[in-house]
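Listed below are the structures to be examined.
Shared chain: chain A. Partners: chain B in the first complex, chain C in the second.
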Partner chain A sequence: MNKLVKLIITSISAITLALVSFTSSFAKVDGEYIVLGSAISLTGKYSSNGVHTQNGYNMAVDRINKMGGVKVGGKSYKFEIIYYDDESNPKRAAQLAERLIKQDGVHYMLGPYSSGLTKAIAPVTEKYKIPMVEANGASRSLFTKGYKYLFAVLSPANQYLEVAIDLAVEKNGGKPVRIAQAFEQDAFSQDVRLGILDAAKRTGSEIIIDDKLPKELNDMAATLAKVKATKPDVLVVSGHTKGALTAIRQISEMKVDVPMLAMTHCDAAKLSKQHGKNSEYALCASQWHKNLSYKDKFFGTGKKYDKDFKKEFGYAPPYQSAESSAALLVFKDAFERANSFDRDKVRDALKTTEMQTFYGNIKFGPGGQNTAKPMILFQVRCKGDTCENKVVAPTKWASDKFYHPIPKWSERG
Partner chain B sequence: MDFLIFKAPMLMVQASLDGILLGILFALIAYGMALQWGVMNIINIAQGDLVILGGYIAYTMYLAGIHPAWGVIVSPIIMFFVGWALYKLVINKVVDRDLFISILATFGIAIVFQQLMNFIFGADVVVAQSGYGTTMLFDNSVTLPNSKIFSAVISVLYAIALVIYMKKSRLGRAIRATAQNARAAKILGVDTEKVYAATFGINAALCGIAGALISITLTLHPYVGLPYTVRSFMIVIVAGLGNLPAVAVSGMGLGLFEEFADYILGTEFRIGAVFMLLVFILVYRRFKLSKKREYLK
Partner chain C sequence: MNKVKQKDLILYSGLIILGLAAPFLFSAFKVQLTYLCVLIVLAMTWNLQGGEMGYNSFGNILFYGLGMYLTASVQVGMFFPLAEWTESGGEKTFVHTTAQYFQGIGVGLLVAAIVPTIVAGAIGYAILGLRGHYFAICTLGLGIAAGEIAGGIEIIGAGQGFTTPPFPAEIVDPEARGQFFYFLSFLVLVLAFIFVKYIYGSRFRLILNAIRDNEDKAEAMGIQTMKYKIVGWMCSAFFCGLAGGIMGGLIGYIDSTDVAFDGREMGVFMVLMAILGGKGTLWGPIIGATLFHFFKEGLWTFILGWQYVALGVLIVVIVVYFPEGLMGWLREKYPERFGEVIDDKDRKAQVELK
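This part shows the complex of A and B:
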């Protein structure tokens, strides 16, 4: 008897398993759902930005599904995303990408968070010829490998702070400037550095300090002491949120006077909230700001997106969320133009994308990077104790004037 | 290589002061490690993570509107019990085993702590503001954040208090007796189990103090504990166990070394230089030991 029960249970589970694997191997389009896959950092060191990314994806999925879905071959489909937690670990991310593609039968991928993880996944999606639209891997090296199935809605990392150098030269009456820079030793920050090197070469500017910060960085007093001694025209710092927070803390404590301070990750680090007035005048590179005048029919303007996102998730959307939402708009557009679920047709459609979203214009270059959207710079400005990010460049969207030079610490209240 | 530091004497002064102030803080963490290493023969890989946890306690107070400097009193109290609980849960099972087992156990604790902190406090880098301002020396050319001076002073005060406690109190004497010979101490009526738990608690409390100080001088993140473990390991190796003055000197020495490595080799080699130094010291020690052994033969 017992044996019989066991046998029945075994056979039932075997059949269920077979069924599950059978259905999931055709999961690319499941009934009325188009299934997308994404490995994303829900735990580990990227978990906060991973969640911003996921919220951005989810918000766009809801919105598109509510507004009629994706029309392919005269039928309306809805988006659905399978998520796995990659634990902020590149190896795990690559494994999960394999699992999504081979076991879950996903035929279209959304990117993970960070350049490093995107770099880990891209070879896998490329191998299986799976189109991937990613929104959080800006490293230039992603776009020089000749990947054919990778598309990024964001501007590449080398463009992050190039504008800042141009701005410094402009403020210097068109004359070359002296640059001090400190970058973390990771793919992204080093790409930002390459951008600065290009800009310096172009403008004839001189780099007088070129420090690399370790991954475990929490003290950059030595770099700042050198800055104090050499008095450069611009100080550029990029080392993710840790770099931004450490820099502001120590610049204010060491009273380092520098006419211009350009950084990345100010909004992710919640700089104006964590450091308040000490962060004033910092110039920050950003992919997106709610005040920009782009719009689309799903989210309306950036301001509207900001409002809706706040209502849904209870906090203001960082640019990581906005660009993630934009990735789904791109997919929708590509599916409709391809009018097919054939991977190569979708890929070809992605390649010829030319559209405007609330996040910015999107058009992919030969390497898959977005060439249609410039980076913007904002400056932290404070009124009393509340600080805000004001867009100051490029001039087309500038809501406020760029404040230059930064007043000396002895003159700041 | 950058020799700017040798051209500007003020940079030299700046680097030395920064290094010494930071070194004193490292020495405090290292003293905790030396204490428990000496008493229990356990190398605590989770040392740095205990430090960061202590920092998060101060940060939580800061969020609640209490000045984070009070963390140097609250954090060690909480951390003492965390340490005590850790001993009762995990360490007492490995305390008599060989060093490898205890390293493995504390490594496990480190991972659990990192994940827990990530889960509770999030993966964002955070700072607590002390608002202590800056001391300017030599016509503003050398700047010392008061928070760093504060942390050095607090570290020294706690270290002195601990030394006196170890010399004068009953528990302190019991700890020292256990460190010298656990078996003999047990025979003479010392409750070694209690001594071990207290030692682990005191070490965690020291980490708590250091963490609170780090929250106002540097930055906090769930995954930055390891460099603190490595630094304290190194200081202890140089100084030897149970020798507080040596720990203090070697702590400051390490701070100076780091700061100068930063100026000369570049910031990217700052922590790398510490690892290199560690390798050199270990090789040198081995070399010296092997000589000694030959002599004994």
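This part shows the complex of A and C:
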């Protein structure tokens, strides 16, 4: 027993020593670097979108650093990001935010991917008064909590597909439509659902199917069977990347005919590439599209961003990447206007942000959401075997006419 | 005998002093230390079933999640309408005063300890007749089912998740929140340890062991095994509920499947930690949980994206090289330090036999 006690005591003291030596934390500004922190989903159910987000951040960091960096107090600084993998798990994300702030000494945060994880991190950044610019947490309830240090460059989730319902009503000659909807059980998709509920109420439309689907959406055959039987005017599906892929796969397998199919995450799922013609006519909500006429001096136009991103990462940028890149432009702008590294000054500067980026105009509302940028809708259209996303709404940027109704599977080649 | 007790006294008081001083010594690590306390509690109480009773339960996460939701619900529901608080996209903001916050969490934790205990009794009555794999699979299902059900109940936020009350804004010190949750979890850890230690010295443990070793024989000896099995599970549920309640407040956001009924992570971790340290021992789960937590926090960030592969390797290594856990391995190597008397004549006799 004696030796065992000794053993335990020795190991405890060894661990203590290790911990103490480990506590040395970085500074918020390390030499010529401004250190930002971010917990990103590199594994787990959001891993593909997590990587889109990370690529967007990295692309902007490289670009800003190459083009002279951030000028504060007459000196030029470079951005650097410390990443951790949050495993798509809110519990882990909250813990990592704490770790970034307390152990790594990070004073400025970039958001994670998804609303759920942002919801878990926001209380932590708020507690330590750390400004966070996030690009991937769209849930409306994020902006009603009175957070003072949270800034989102994207439009809230409930706006994603509201326009689609309006469009359906318009195509129906102004008469109410019958809506079938299926949403994943997660903060973001449930918020998209709330948007649809609002739109349905406004237009007097009826919701005939309202399904909740499990996380990691791999099967929605039951919902689709109901859709086949009840023949609604619109089918709305939202469940991140997997949801979009599952929906198209099973709709084409089961040959479900529906006049209008509205979804989210089509471009993150690379639908037009992965499912080609099967995904044609799908109507998708997007925060950004390369054809929009915005520009800035770092990335030029959306088209140029698209080209540069493809060159660097080998695939077309989904809007998740674009908005993530925009988050860094916002930070740079705020640092330069604050001309200081004081967190509260940076926060005040963020609050008064009013700028145009390649991704869109950015101006923060009282809750921290971006109020200057509308959502857009695009439709997947194919020519031969190549499919592309064509903007159909709002009319200002529409490059193509909205195709309605979707032809029946029996009539499709 | 007296000497041993004195040594124990030094050890325990040393550990308690270390525990009390830890949040001040390693101020930046408070949250990780809180996690550590909770992990130890989970591993230690899992060990009561998995180690002592021989019933491998994957269902303890049910009580953990239940405790989490209950604490948060009570904390909110005592002062505000719960439905409006969790209403998805709700526009209203409610703020707890300092007194409300602490009263709420106090009552919440009380409920979080009691209700899961009762639930464990009821469920245990129904399913503790199952043995071996059947029990394990059944409890696995319990956790998963609970997660899916919670994801459909609107009043606790459903798929939107449940934001727990923020720490009162009137307490300006940003360290206060971390300290509060650390000491709360440390208190639960100490209570759990005292309780488990007490059980280790009692007849109750011998009965649990008898059930593990041969349940039929134990029954034939006149032990009402069902009764003891249920009580054993209820003890675990009590502490799991408390642990869950603390974690809910600490994380600040409850998601049905990823945070509360997180069988894929917490549910598996508690089993893994107990096995790593050595199940069926008092110190095994504690050492296992500590090592596991250090491994996880220290190593995982260096192998970004590969941490689950590393975890898989760790599990394989544990199972292959330390099937009895670290304590079991030590015990085999140095039996005399565990108070086992080895008869030299016996050993020699065995050697000669070979």
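A few comments on the model shown:
As a working rule, the second predicted complex is superposed on the first by the 385 of 413 C-alpha atoms of A that agree within 3 Å, B and C clash if a C-alpha of one lies under 4 Å from a C-alpha of the other, contacts with A are read in each partner's own complex, and residues count from 1 in each chain.
Just so it is clear, contacts are C-beta pairs under 8 Å (C-beta built on N, C-alpha and C of every residue); 3 or more make two chains touch, one makes a residue touch a chain.
Please read all numbers here as calculations on a predicted model, not as lab measurements.
When the two structures are aligned on the shared chain, A:R249 is found in touch with chain B, with no touch to chain C. More residues of chain A lie in touch with C than with the remaining chain of the pair chain B and chain C. Within the superposed three-chain model, A:Y84 lies in touch with chain C and out of touch with chain B [touch as defined at top]. Of the two partner chains, both chain B and chain C are touched by A:Q185. Once chain A of one complex is fitted onto chain A of the other, the partner contacts of A:H404 are absent, as it touches neither chain B nor chain C.
Of the two partner chains placed by superposition, A:R412 touches none, neither chain B nor chain C.
In the superposition on chain A, contact is made by A:P214 with both chain B and chain C.
Once chain A of one complex is fitted onto chain A of the other, the partner contacts of A:R337 are absent, as it touches neither chain B nor chain C.
Shared-chain residue A:K363: touches no atom of chain B or chain C. When the two complexes are overlaid on their common chain A, residue A:Q95 makes contact with chain C while staying clear of chain B.
Residues 43, 88, 185, 212, 214 of chain A lie in contact with chain B in one complex and with chain C in the other. Within the complex formed with chain A, the residues of chain B that make contact are 2, 4, 8, 10-11, 14-15, 18, 22, 115, 118-119, 122-127, 129, 134, 136, 140-141, 143, 145, 147, 218-219, 221-224, 226-227, 259, 262-263, 266-272. Within the complex, the chain C residues that touch chain A are 4, 7, 10-11, 14-15, 18, 25-32, 35, 88-91, 93, 148, 151-152, 158-161, 163, 166-167, 174, 177, 247, 251-253, 255-259, 262, 265, 283, 290, 294, 300-301, 304-305, 307-308, 330, 334, 337-339. Chain A contributes residues 1-5, 8-9, 12, 15-16, 19-20, 23, 25, 42-43, 83-85, 87-91, 94-95, 98-99, 102-103, 116, 119-120, 123-124, 126-129, 139-141, 144-146, 158, 183-187, 189-191, 194, 212, 214-215 to its touches with chain C in the complex.
Residue ranges on chain A touching chain B, taken from their complex, read 43-49, 88, 182, 185, 211-214, 216-223, 225-226, 228-230, 240-242, 245-246, 249-250, 253-255, 269-270, 274-276.
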